[in-house]
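Presented sequentially are two complexes of chain A, the first with chain B as partner and the second with chain C.
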Partner chain A sequence: MKGFLRRLLMKLIAGLVMVWVVATFTFVLVHSLPGNPGDIEYDRLIMQGTPPEIAQAKAAVVAGFTSHEPLLQQYFGYLGQLLHGNLGVSISYSGVPVADVIASAAPWTVLPVLSGLVVSFIIGVAGGVIAAVKRSTRWGGLLTLSGSLMAGIPSFVLALLLAFLFHTLWQILPYGDTSDVTLTPGFNGPYIGSVITHAVLPVSTYALLTYGGWLLTMKSSVVSVLGDDFILAAELRGISPVTRMRYIARNAILPLFTVLAISVGYMFGGSVLIEDIFDYPGLGNLLLHSIGRRDYPLMGGAFLLITVAIILANILAELLYSVIDPRVRRA
Partner chain B sequence: MTETIQQTDRPVDQPVEVSVSDLTVVYRTDLGELPAVSRASIDLVPGQITGLVGESGSGKSTLALAMLNAVPSPGRISSGSITVTGLGDVTKLAGRKLRHARGGTLGYVFQASQNSLNPLKTIGKQLLDLGRAHDVRDLRALVRRAAQLISEVGLDPDRVLDSYQHELSGGMRQRIGIVLALVLNARVLILDEPTTALDVLSQAAVLDIVRRVHRDSGLTTLIVTHDLGVVSEIADRLVVMYGGPNPEEGPATAVLHEPSHPYTRALIGAMARIVGDISAARVLPGRPPDLTTVPRQGCVFRDRCPLAMPVCAEEEPELVQWTPGRRRACHVEPTGVLS
Partner chain C sequence: MSTLAAARARRSPWRVTRRVLLRKPGRVIGLAIIVFFTLMAIAGPMLYPGQLAVDPDNIYASPSGAHWLGTDFAGSDVLQEVIVGARYVLLTAAISALVTAALGTTIGLVAGYHRGFTDSSLMRVTDFVLTIPGFPLLVVLSTIWNFGRPLEMGLVLGVTGWGGVARAVRSQTLSLRERGFLEAARGLGLSNTHIIVRELLPNIAPYVAMNLLLSVIGFIGAEVALFFLGVVPFTSSNWGVMLNEAVFAGGAINSPQALSYLLAPLVCILLLTLGIVLFLDAIDELFNPRLRERS
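Our next item is the complex of A and B:
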């Protein structure tokens, strides 16, 4: 137990270092983007037909959010604020703290991404087991083929296809936003129902995107475990089929936990494209808008959140692995 | 009809615990069903250690697996029977009965190089799984019995039962394999290459343990190996296997000292000896027939046999008794091989 805690501590420290590296990298990246928020705002106002003097005055207000201090000083200021849990104030959402903007968008990414992941994990793993056990039959072959196909389709193609089929062509699923805007948000039937139907398309996209990966990984894992000597040995000792299946499942699912952690990161990254296509107001969409408007603090905050999510998922996966695999456990 | 002939061919003076008779195991391939074991007959006598020897690919392991009716797919037992005292014909068993026969009456020990234990569970937990699978009511008694066996094979029960496979050495794992095969009081112990991939000291220790538990528990033991050294050290009887029906069988010392079949003689001749010139070992030319090249007619060994005669290509030699307790299948007279 002491060793476990020490390892947890080491992992957390390593995670913090990683967060710092990413924060620095994000800072440099964001500030080396061409164009600054003031200019962007000025251009936008001019294009809307605002007279130059008024536009300049308004843009100056925006520019006030961005500092004119030397970059290094800004960097330390940014880190200092970060240590206090302060992500800064959003430019494009006129003065709302970045943390609040992110907090209001986060559930709309976290929930669909996680439910998509859970659905695809369950279906993919079950499919993988069947594909492995029945690999010499036609159904097994078809399952494997379905996995390869799904793993090969780019996310935006799949998202567009689903949107076209279920919204445009058959008109059975809603599109855009998280719920029907005419309903009052709260714990009531129509609103929750609307939230669920609005989430179906993004969630299915996430699920279908990762389904193939789970299926193929689980299949090869099960096939290799089936060939392991201890499975035959268990059979020759008269171990019951149910127990043998448990042996196989537990051994085969091990490598998938690593993949699970990595795919959490992929899903958050992938949410940028998918939320844009479904016009779903989650973190991905937020990030895209913040880049478009050169909203430095918001960009930094969104990047940081995704990074922290990935690092945490990895730490969690590693700890989980050491719990379920005695070979990784160290005294 | 063939049944009765087999019956009379047997050394009738001894009781038999396991009787493999006329067993053929085929594997389904693109070229049709090809035999891996063809009309093999072996009797295991209670209280004796029988050694089953042959080159790689001679079908020894397939035969050992067949004894538990566990020939892996795409293989299947196509004819013959395996009669075990108290179980009947194992090839006819299925489902729960077969499962209880495995481990319950027939204990199987894997090649030492193979990991026969679940890497994610402690030995103790796997022992309990084994007990539950065999409907053992008193699991505490099972653990006590296992602890006793573990000390008998020279290990510390408390430590071993709490260990995972990766915390044990190869020799230790092999001893656990023997313990798990015997913990449910199996009467028949089948060991498939039990010493392969162990260092010489572990080999000696494992053989010593096999000999001891065999004697103490009054087992019927079959030891499958390609190592004539192992057999000469431990086996009472020796059965030589080669593609078709066994070329030769008999008391181990007699067969090793006076091989009456050209194949046995070649196997012994191919052994490298610790004392003497290494070049005295003669390589057995050619290789054992695989599933596709095994001849359909005549003696299966004739292509590699230095004493082959025209009749060998036409007629398959019968396995017949030639001196008390010894049987051989060869057209050449025993004296012709011995000299």
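Our next item is the complex of A and C:
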């Protein structure tokens, strides 16, 4: 137990260092970006047909949000604010704290990603076991091929194909936004139903994207455990198939925790593309939006949060791994 | 003598390769797809030099005898556009693969061979590269640097994408390190450079090749995606630019008018992915003798 706590502490420290490096990186990046947000806002307003005087006044407000202190001072100020969970003020949302903008977008990324993860885990693991047991048959081979292919298909290709098939061609699923815009958000049947049907396409995309990883890892893992001596020994000693299956499952499921970390990372990273395609107001869409509007604080915040999510997933995966596998715990 | 020659001939790499390839039809298909797209990338721009023909009277035409895959928003032939666009996609993927192979192999070899402090510090860096979300990073980077040209795009993809290869090379090096022939090489007092370059490198090359093919799938996806999102300025037409115009300008999701324009690049990417996945299976067996002997 003591060793476990030390491990946890080490992981957390390593994670914190990583967050610090990423925060510094974002800071440097944001401050080497071309284009002044005030100018961008001015150009945008002019493009929209706003009279120059009004546009100038509005752009001046935006420019007021950008700091003019020396860089080093800004850097330490930024880190200090970060410790308080303060990510600065968004420019394109005229002065709303970045943390609030992100908090309102985060559920639209986290919920679909998590539901997609659960679905793909169930299908992928079940498929992996079947692919392992039936590996010499044609169906087993096809199952494995489906996994390799799904693991390889770029996320946006899949998203576009799904949107095209289910929305454009067969017209059975809605597309774009989180719900029907005519409905009032709240805890009522039609709204929730609309949210669910709008989520089907993004969630299936996330699920299909990571399905391959689960399937392939589970398959190779089950195959290697099946060949282990202790399984043969258990069989020879007459241990019941149910118990044997439990041994196999417990050992075979281990490598899946590394896939968990990869999957979460892949989904959060892929959310940029998938949310853009499905016009879903999550973190990825926020990142793209902030880039288009040169909203540096928002961009830095969204990128930082996506990275932190992945670092957390990595730590979680390793901890789960050590809880489940005693060999790792002792080492 | 003759039996010896025959035995040598039977074991010649070309024969083994052919036999492994022909064992499953999927592998031949995979190789054929890869060769097909490579030829398309080499010959495509030569077949249709200069700007693509524009025909304002014939925009978003359906597939017909004159335009096999229909036309786009400017009346250009979609088939021609796909063929010409292949060069950018494959050239960039090849450059990024080279960069990844060089960086990943060097770092993985050095880390795995020297172990200790070198290993742990190099692996920290590798972990970092692996953890940073690649695609969002590319999107953010695109704001400070327009890496639209093939060489720059390949460099950026390669520099951000070598983590997986380095990991694989390191773990392979760690296990090779304990083998007899390396112990012998060290016992003979051969230099580290000699051991790494002449003894280790040939043995890990297959793993590099496999992991590289896997990364190439990712690189193709990422580069096309960057153009699709429109965060990298368009310098020439490629599959990503086509997708961008089909979805955001042509409204392909809501109306089927840009249908073939949308589907053509998508199918190309899918086919290329399928080809690489199928071919990987053959490489796996070629370099993994245990798999070969069993069947």
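Here, the second predicted complex is superposed on the first by the 324 of 331 C-alpha atoms of A that agree within 3 Å, B and C clash if a C-alpha of one lies under 4 Å from a C-alpha of the other, contacts with A are read in each partner's own complex, and residues count from 1 in each chain.
By definition in this document, a contact is a pair of C-beta atoms (placed from the backbone, for glycine too) under 8 Å apart; a residue touches a chain by one contact, two chains touch by 3 or more.
Bear in mind that the values here come from a model prediction, so they are computed numbers and not experimental data.
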item	value
Which superposed partner A:Val22 touches (first chain B, second chain C, both, neither)	second
Partner chain in contact with A:Thr168 - chain B first, chain C second, else both or neither	second
Which superposed partner A:Ser148 touches (first chain B, second chain C, both, neither)	second
First, second, both or neither for A:Thr210, with chain B first and chain C second	neither
Most chain A residues touched (candidates chain B, chain C)	C
A:Thr307 touches, of chain B and chain C: first, second, both or neither?	second
First (chain B), second (chain C), both or neither touched by A:Leu287	second
First, second, both or neither for A:Leu273, with chain B first and chain C second	second
Contacts of A:Phe156 with chain B and chain C, given as first, second, both or neither	second
Residue ranges of chain C touching chain A (in the complex, touch as defined)	26, 128, 131-137, 139-144, 214, 217-218, 220-222, 224-225, 228-229, 231, 243, 247, 252-256, 262-263, 266, 269-270, 273-274, 276-278, 280-281
Interface residues, chain A side, partner chain B - complex	228-230, 232-240, 243, 247, 250-251, 254, 324-327
Parts of chain A lying in touch with chain C, wherever the complex brings them together	18, 21-22, 26, 29, 32-34, 145, 148-149, 152-157, 160-161, 163-164, 167-169, 175, 265, 268-270, 272-273, 276-277, 284, 287-288, 291, 294, 299, 303, 306-307, 310-311, 314
Residues of chain B defined as touching chain A within the complex	65, 68, 70, 72, 99-104, 108, 110, 114-122, 129-130, 132-134, 164, 166, 177, 180-181
